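Here's a structure for you.
Every chain is named by a letter (A, B and C) in the order it is written, and numbering of its residues begins at 1.
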Amino acid sequence: MTRHEHVRNLVLLGLVALGLAFLPHGLSLYLRSFTLFTMMYVVLALSWNIISGFTGYTSFGHVAFYGIGAYACAILVADYRWHWLPTLGVAAGLAALVGVALGYPVLRLKGPYFAIAMLGAAEGTRVVATVWDRLTHGGLGISLPSAETSLETYYAMLVLMVVTIVIAYVIGHSRIGVRLNAIREDEIAAEALGINATRYKLAAFTLSAVFPAVAGGIQAYKVLYIDPPSVFFVQITIAMALMSMLGGKGTVIGPIVGAVLLYTAQEFTWVNFPTAHLIAYGLFIILVARFMPRGLMGFAIDRGWARKGMVH
Amino acid sequence: MERSEIRSLYLLAAFLVCAYAVPFLVGAWVGNVRLDQRWLGNLATVVVSGVMQGGVYAMFAVGLTLIFGVMRIINAAHGEMVMMGAYLSWVSFFYLGVDPLLAMVLTLPIAFLFGVAVQKVLLNAVVGQPELTGLLITFGLGLVMIYTAELIFTTDFRTIPYAPGTVHVTSAIAVGQNRLISFVMAVVISIGVYLFLKLNRLGKAIRATALNAEVAMVCGIDVQRIYVITTGLAAALAVAGGALVSIQFGFNPETGVLYTLQAFAIIILGGRGDYVGALIGGLMLAVLENLVSLMVPNGTAMVELAAYGLMIFVLLIRPGGLMGVKEG
Amino acid sequence: MGSQGDGALTDLGGDAIVLEARNLRKAFGGVRAVDGCSFAIPRGKISGLIGPNGSGKTTTFNLLTGVTTPDGGDVIYRGENLAGHKPYEIFRRGITRTFQITRIFREMTVLENMLSVIAVDVPNRVARARADELIGLVNLTHLRAEYGGRLSYGQQKLLEFARALMTDPDLILLDEPAAGVNRTLLQHLLDHIHRLQASGKTIVIVEHDMNVIMNHCERIFVMDYGVKIAEGPPAEIRSDERVIEAYFGRRRSAEHS
C-alpha cells in the first residue's frame, strides 16, 4: 500500500474510534454492553488471526489465554484488592509467559496435531482452574466487587481494540507479515530463504496470546462473575476462528468485519430465537465453512474489489 | 530405524511408565492406596474394567482415525454420532420394545447411510483444504446434532436398565454384567472390522487410501467411493459404540463432547487409519482414566486432565503420534 | 588440496574452492542415500552435479543447504563447518537454492514472494527496489501483483530463480532448472546463469538434461549410489568409463537428453 493509503486508513480508524468514544452516552445499557462485546470479539478474532491466519498454525485452544487473563484479573481484584487497571498488565505479562512456555514445544507440531494439542491445552487449563480451588475458587467461580461505572470497561475495551487493530495492521502490511505468510505457505522453503521459522512462529503466538488475555480481564470486571466453564468456553475459540474465516483469514480487515457481522448475527438470533438459535448457529457455521472458506475478503478479491496480497 | 526414532521410543516408554505411576504416587500420598487384598482386588477390577472400556473406546475411535486417515479431516462431531447411537438404542428400547443391542441390526445401516449423506453433502467439498475448514464444518454439524437432540429429548439424562448385576471374572474381580456384554460385543465387531480392513479388497483399498490417497488413485482405486464408504463405516461404528455405551452409562445430548475429546486423544495415541493403533490408544486411555479415578481425589475432573495430559505429552515426544507417522 | 600464497584453498586444478563437502553421509531407514560423498566446488565457475536416478544428488543438495541433517561428514564454507546448521543460517551466509519441484508461495503475490526473503538491515525501500529489479530481470513485471499459484510452470521457475537472487548470494544451487521448461525459456535461464557467473558468482546445477550440463558447465561431478564416482571437465566426463557404466550399464533406465 502506498503511504497515502496508510494515512487514509489511519484517519478512518481514528474517526471510528472517536465515534465509538462518544457513542455510549447516547445508548441504553444493553446496547453499550453489546458494543463492548463486539469490540472484544474484534480483538479476539484479530489476535487469533495473527497466529492462525498468518502462519497457518490453527490454534484450537486460544480461549485458554482469554481465561487465564480473566482469572488473573479476577483473583487480584477479588482476593487481593488490587485496582483493576494494573491487573490487566499482569494478565498481559502472564499470557506472554504462558505463550512462550507453551508455544515453544507445541509449535513443533504440524497442522492437525497442533490444533488438537491446543484444544487439549485449553481444556486442560479449564480443568486446572476447576481443580485448583485454593487459587481459583474452583467451580464456585469468582465474584468481583463492583466499583466502576459501565463506562470504564467500555473505554478500556475501546483502547484495547484500537491497539490490537494498529498492531495487526502494522504486522499484516509489512515484511514481517509476508514472512509469517511464507511460513504458512511452505515452511521448508521459508527457512531456505533465511526465515527462522521457530522464532517467528513463537513471536506471533506470544503476541496473539496477550490481547485475548487483556480482553478476558476487562470482561471479568464487566461481567463481575467468572467460572471455569464460562471463560474457558470452547465456543469462544470457535467464534474467533469462524469470524476470521468469515471475513477472510490472513487479512486485517477480514477478522474485523467477520467479528462485527457474526457477533451481531449471533445476538440477533439469540434474542429472537432463544431455543433454536444454536441450531441456526451450527447451520451457519456449516454454510460458511462449506461455501466461503476464503471469506468475504476472498470473495472481494476474486471480484476485483480489493487487491491481491497485503504488501504492494 | 534412525537414531532419533530409537531415542524418542525410549523417551516415550519412560514417559508412559511415569504417567501410569503418577496415579499411584498421588494416591499413596493422599492415602488412597492400601496394600491389602481387598484393595488389590479393587485395583485389578479397575484395570480389567478399564481394558473393557478401552475396547469400546477403540471401536468408535477407529472410525475417527479412518476419516482422518482417508480424508485428513478431523471429525469434531464424532462424539455426537456416538450420542446419536445412544439415543437410537434408547428409542428402540423404550418405544419399540426392542433389545438395544439387537436394535443395532437396524440402527447400524441407518448410521451408515447417515455417514454417506454427511460425506456427500459436507465433507466432500472440504477434502484437501486446511484442517480448520473440516474442523469448523464438523463442529457446526455437531452443534446442530446436539441442539436438535435437545429439542427432541430435552437435556435430561437417560439410562437404559440392562443386564444389571455383576459377574465375577475371578474371585476377586467383579465387573458389571452390562460392561462385560458391551465388551464382548465390541470385540466381536472389532474383529469383524479388523478382518475387513485386512483381508477384504475394499478394506485394503481403504487402508491404501489412508496411507497415500494419490498413489491409491493411480492404482485405480475409486477414491471418491472410498471416502463415502469410510465415512459410512465410521458413523456405523460410532453408533454401535453409542449403543454399547448406552447400556452402561447415563447420557444426554451434551455427553458427546467428552467422547469427541477422548477420540481425539486416541487418534493421537493411535495414528491414522490404523486399527491396532486405535486399540492400543483406547486401552491406554481407559486404563489410565480408571486408575486416576480410583486413586486421585477429585477423580472425575482429573480423569479429563489425564486424557489431555497424556495426549499432549505423547505429541511432544513423538510429533507424529504414538505410531510414529511422520507428518509433512 | 594445495593452497595459494594468500591462504585460500585450491583444488588439484588450481582453482579456488568456495565450498568443500567431506565424506557426507545420510541414510533414510536402511537406504544410504549419500554414502561418503566428497567434492570441492570451484569458485566463480558453473559446475554440474549429475548421476542416475537415486544417486543422491538432491539429497546432497539438501545436506549442503541444511534442509536435511547429515549423519556424518562436513560442509566447509569460508572456513566454517556448516554441516547440521539450519537452512536459514546457511542462507544467511550467502548460499541459496532452488527446488526440484518449485516451492514458490502460491497464495502470495509475485512481489510478496520476493519480499519474503530475509535481507537483514535493508530498509523497505531498498528491498522493494531490488525485488522490482529482479522481477524485471525475469520479465515478470506485468505479473507483479498476481498470485504465485496462477503463474505458468515456466513463470514459477523464473520466480523461484529470481527469489533466490534477492540477497546477492555468492553460491547458488539450482535443482533441475531445466525440468519441464521449453527451449526458449531455458535459453533465458542459461543466459541469466552465465551473466551471474560473469559477475563472480558460483553456480552448481543438478540436471538430467545432458545438453545443458555438457555445454554450460566447466566442471562436472558425477554421483552414483551416494558417492562421487568421477569429476572433471565435460570432455573427460563424456568419455569416462565409470560414468558410462553408471548410466547405461547394469539394469538402469536410460537417461534422455
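One rule holds in what follows: contacts are C-beta pairs under 8 Å (C-beta built on N, C-alpha and C of every residue); 3 or more make two chains touch, one makes a residue touch a chain.
In this text the structure is predicted, and so the values were computed from the model without any measurement.
Enquirer: Specify the chain with the shortest distance from its C-alpha centroid to the centroid of every protein C-alpha atom present.
Expert: The chain sitting closest to the overall C-alpha centre is A.
Enquirer: Going by C-alpha centroids, which chain is farthest from chain A? Tell me that one.
Expert: C
Enquirer: So, what's the distance in Å between the C-alpha centres of chain C and chain A?
Expert: 43
Enquirer: Using CA atom averages as chain centres, what separation in Å is found between chain A and chain B?
Expert: Centre-to-centre distance between chain A and chain B: 32 Å.
Enquirer: Taking each chain's centre as the mean of its CA atoms, how far is chain B from chain C in angstrom?
Expert: A distance of 49 Å separates the two centres.
Enquirer: Residues of chain C that touch two or more other chains: which are they?
Expert: none
Enquirer: Hunt down the residues of chain A that sit against at least two other chains at once, touch-wise.
Expert: Within chain A, no residue contacts more than one other chain.
Enquirer: Okay, in this complex, where on chain C does chain A touch?
Expert: 65-67, 86-88, 91-92, 96-97, 99, 103-109, 111-112, 115-119, 124, 127, 145-147, 163, 167
Enquirer: Please give the residue numbers of chain B that touch chain A in the complex, ascending.
Expert: For this pair, the touching residues of chain B are 68, 72, 74, 122, 125-126, 129-133, 135-137, 139-148, 151, 261, 264-265, 267-268, 298, 301-302, 304-305, 307-309, 311-312, 315-316, 319-321, 327-328.
Enquirer: Could you pull out which chain A residues touch chain B in their complex?
Expert: 52, 56, 58, 60, 105-106, 108-113, 115-117, 119-121, 123-124, 127-128, 130-131, 238, 241-242, 245, 249, 275-276, 278-279, 281-286, 288-290, 293
Enquirer: Taking the complex as given, what residues does chain A use to touch chain C?
Expert: These residues of chain A touch chain C: 174-175, 178-179, 181-182, 185-186, 188-197, 307-312.
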